[in-house]
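Shared chain: chain A. Partners: chain B in the first complex, chain C in the second.
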Partner chain A sequence: MSIYINSIAHISIQEPMSENWFHSPIMYRENYVRSIEPDYSAFIPMMTARRMGLVMKRAIATALKTIRETGIENPDAIITGTGLGCIENTEKFLIAMIENNEELLPPTAFMQSTHNTIGSQIAVFLKCNGYNSTYSHRGTSFDSALFDAVMQFELEKISSALINSHDEMTPNYFKLLSKLNYWKEGEISEEVLRDGKSKGSFSSEASVSFMLENSKSKNTICELKGMEMMYEPDIEQIEVCLNKILRRNNLNINNINAVVVGVSGDKDNDDIYTELLSSILPQKPVVWYKHIFGESYSASGLGMYVAATILKKGILPKHLLYSKTCTDASTPQNILVYNHFQNKDHSLVLLSSCNN
Partner chain B sequence: MRNIFVTGMGIITSLGIGKDRTLQALQQKKSSIGAMKYLQTTHNNFPVGEVQLSTDEMGDFLNVPDGTYTRTALLGRIALKEALQESEINEKRPKRLALISGTTVGGMDKSEIFYNDFLSGDKHTEYIETHDCGATTDLISKEYQGKFDVITTISTACSSAANAVILGANLIKTGRVDAAIVGGSECLSKFHLNGFKTLMILDSEHNKPFDRNRNGLNLGEGAAFIVIESEESVNERNVNPICKLSGYANTCDAFHQTATSPNGEGAFLAMEKAIQESGLKKSDIDYINAHGTGTDNNDLTEGIAIMRVFGDKIPPVSSIKSFTGHTTSAAGSVESVISILALKHNFIPVNLNFTEQIEELSFKPATEMIPNKDLKHVITNSFGFGGNDSSCIFSQIDLS
Partner chain C sequence: MKELIEELKKQIIEVLNLEGIQPDDIDETAPLFGEGLGLDSIDALELIVLMEKNYGIKLSNASEGKDVFKSITTMAEYITNHRIK
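Up next, the complex of A and B:
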């Protein structure tokens, strides 16, 4: 059983549906940046788009792009991750309910408020009766969706899956999370984030869709060789888990050419990565992505996208390197994507190049 | 398929705390739907299936320290506590254990009260961090003193808990864990009540599933968890399995966000595929625990789907939402527990408040309890907004 990533599409704070970030990323100084919207008319009829919330439009557009690129119009599974779901509609309904004292509420915002609106509306759009589920587990929502798919590939229940993750950040929710020190105050820069001595990161949005299949195509981006999730593991458990993934693929730790991590500039978050890297993956080139894509509950999906893009292009651009000292950044073959949320939920994904 | 056993269950709904109270109410045909007592809303004329404890009383019941707890999390902890006890997990820990929980409103019971404080002041801001679904599962997990190996949260509206069962089973089948505690939790909230009200699907009287004159649903609340476990782990821990999870399927109706397709395609596929996976014949199914919300749309299309699957040999069908109301994200596991109780105690739970058959359907729901019926296999349906449809089959353990 093999799993291939055959197409990826993103809408984020980098140029949407584009790989321009790979060579010339847009750098931000604000602590709250919203996604750059593409021209949706290429994906959604104007009248339909008008009735959709932002997160929904992004989900449909990224899903359709992966479908057009692979020709898989009816994936066996559509699995969605979202930390906050359709938070714009949720807030709209909530605020109306409070302000109007529970009277004269329009149904639309409520109908489109549930987290599974995203995944099920993609299915409605595609007329896809296959497996359909939604994970809402904070910063590992995407990871959970992917994990579900990986297991179903292993059990040979599916041969294709659209895995996607979406989070929008409304001004109100940004404000709420500010009170919990999720975001840095003052000007953001690569140096401030790399410094990692204070709380918080910078807030962004993320929408990313992957088409996974059990067979290679002419556009295959890379292979997904294994994935595991853990809850509150210690470093030894993570090492055991990593070795299990490697052994299953007849690889060892020396075969890992780079590690993509979710360092975000938040001290508590970053310390966990640094500790793990120094104890079990020393000397490996460390790649980060949140300095150009920002932080959101769906950010880890962009982490896997970054790793896959490096493998496809066969180079690791300097601006993605988190580690200052880097011994080996030549054509990467195997990349480990490691993500954790608040040191509770951890995930490991191993991707390998298909260029040979 | 590799055998997956159920080794413990926990439940809390308006019927009461625990399996015993639940069983008693089902067998005595005593609905717990009634007037609102705890939820503060201007629409308090709607009957609901409300757990008869205030949120503080739930905290006291669990003896949790004063702190940041939402009603959904406390309901979940109460159900988890019972499931842990029956499965003897605290005494004999499985090697690797997962917790998969479903919810949609999460911490909304606090957010809807404190939202303006969140925005404008510094009061109650601790409840910001408990708002989302994942945070709810984190809070529920604290009931267990040991360590979970995997935790995640599913949010597919009213089929969330059923999809938790499915993910847990796949975790076991792929050998990632030996046991999984799966289910869901959801409290009543103003948000949900008003939301369902705007959709005009709330019955102002007691809900009447599968009745020609049905008039909508009553909201309920609750939580339930079941412990599912590999055969190897059951043997290793030397615990008594209650029944077997013999099949499951998740499909999507792919028709409309809040309406179902006229021929119940998603529901049809969910039941068909679950039966197919179990390797059973359709005639082996002894009882259908229907989603049966009491809305025009659901009961008609679920009924049509049942007719399409079972033809002219339809086993007894009932919706227990006439007892508990619609427990939304928890419904999948609440009704799994009830289906397993039916299997274990050999009775068909009745469908209350039924008088007249739906014209388009060829069957009436079960209104007589039929005790001592030899139940071997039961199927339970959970359907959510957006057509997220799932079915699970539980079976007696074949001792031969």
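Up next, the complex of A and C:
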């Protein structure tokens, strides 16, 4: 069973629905950056959009873009990852509860205040009655959604799946996470994030949708060769899982051309990546993406997007290199995407080029 | 009454998030549901909350709602006669 990524769409702090970040990324100096919104009227009728919060509009728009590009109007599965769900509406609803003494609650905010509103609204919008599930596991929500799809493809239960992950960051929630040292204070720069000696990263938002299919198309971006998820693994267990993926594909560690990691500038987070890279994958070119896309619970979806785009374009731009030098000058054929959240949940995804 | 109608138009635009619509675009005699603004049952709930929150009017009889929410003018008339805020 093969799995192909046939379309990807994103709305993030980089130019939405665009690959301009690949050559000319927008760099930020603030520690709290909201997504750049596209013109939603091209995707959602005004009378429908008025009831949607920002995260819903982003979800529908990215989903529709992948549908338009692939022609898959009714995917067999819609699987969503989200750490915070419709947090803006959740806050609206809770604030109204407090202000109005638990009476006079606004129905629209209430209806759209749950985590699975996103996946279900996409299904309603597409009139899609297929499998629909939502995973909410903070920084590995996207990974969990993807893992569900991979297992269903392997069992041949589905032939297409819309995998998507969405997170917005409200000013309130940003402040709450600030108290837990999630965000750096002061001016952000690539150097500050690369330094990785202090706590925190910079806050952003992410919406990303992928259309996966079991067959190639003329627009195929890359192939998803395998995936593993682990809970609190040690280095040896991660190595075992990696080798399992490689063996299944008749590959070995030398075939991996680059590793995409979720290095974010947060010392505790980054040390885990550094340890793994030096133990299992020394000398491999290391790619990061959170210095241009920021940190959010859906950021790992953008990590896979970055890896897929590198494979599609066949080049690894310098600004994405976390390691100081790139020893591998060949066209990237296989890229490993490694993500972990607080060193508890870990995921490995292997993507391969379809250009040959 | 004219003042209340204008006030209601602004409140409805805000509560129902009618982006791109100005108070002058709304015909106060046009039907709120189906035709006219084309509102639906969820909007009706929002309007019930609006009436109670801003004017202290509790609409407990569902059949009464049909007449009250015919148009912005009928809403304004009902509010004028029943408001306690």
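By our rule, the second predicted complex is superposed on the first by the 355 of 356 C-alpha atoms of A that agree within 3 Å, B and C clash if a C-alpha of one lies under 4 Å from a C-alpha of the other, contacts with A are read in each partner's own complex, and residues count from 1 in each chain.
One rule holds for everything that comes next: a residue touches a chain if its C-beta (ideal position, glycine included) is under 8 Å from a C-beta of that chain, and two chains touch if they have at least 3 such contacts.
Keep in mind it's a predicted model, so treat the numbers as computed, not measured.
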Name the chain, either chain B or chain C, that contacts more residues of chain A. B
Looking at A:Leu105, would you say it contacts chain B, chain C, both, or neither? Reply first, second, both or neither. both
After the superposition on A, what does A:Arg51 contact: first (chain B), second (chain C), both or neither? second
Is A:Met1 touching the first partner chain B, the second partner chain C, both, or neither of them? neither
Could you look at A:Val124 and tell me whether it touches chain B, chain C, both or neither (first, second, both, neither)? first
Considering only the touch criterion stated at the top, classify A:Gly83 as touching first (chain B), second (chain C), both, or neither. first
With the two complexes superposed on chain A, say which partner A:Thr140 touches: chain B (first), chain C (second), both, or neither. first
On chain A, the residue positions that both chain B and chain C contact, one per complex: 105-107, 111
Note which residues of chain C are touching chain A in the complex, please. 15-20, 38, 42, 45-46, 49, 52-53
Spell out the part of chain A that touches chain B in their complex, as residue ranges. 78, 82-85, 93-95, 97-98, 101-103, 105-107, 110-117, 119-121, 123-124, 126-138, 140-141, 144, 147-148, 151-152, 154-155, 172, 175-177, 179-180, 228-232, 344-345
Per the contact definition, I'd like the list of chain B residues that touch chain A in the complex. 41-43, 104, 111-112, 115-116, 118-119, 122, 125, 128-129, 132-135, 137-138, 147-157, 163, 166-167, 170-171, 173-174, 176, 190-191, 194-195, 197-200, 250-258, 265-266, 269, 384-388
Touching chain C in the complex: which residues of chain A? 46-47, 49-51, 100, 104-108, 111
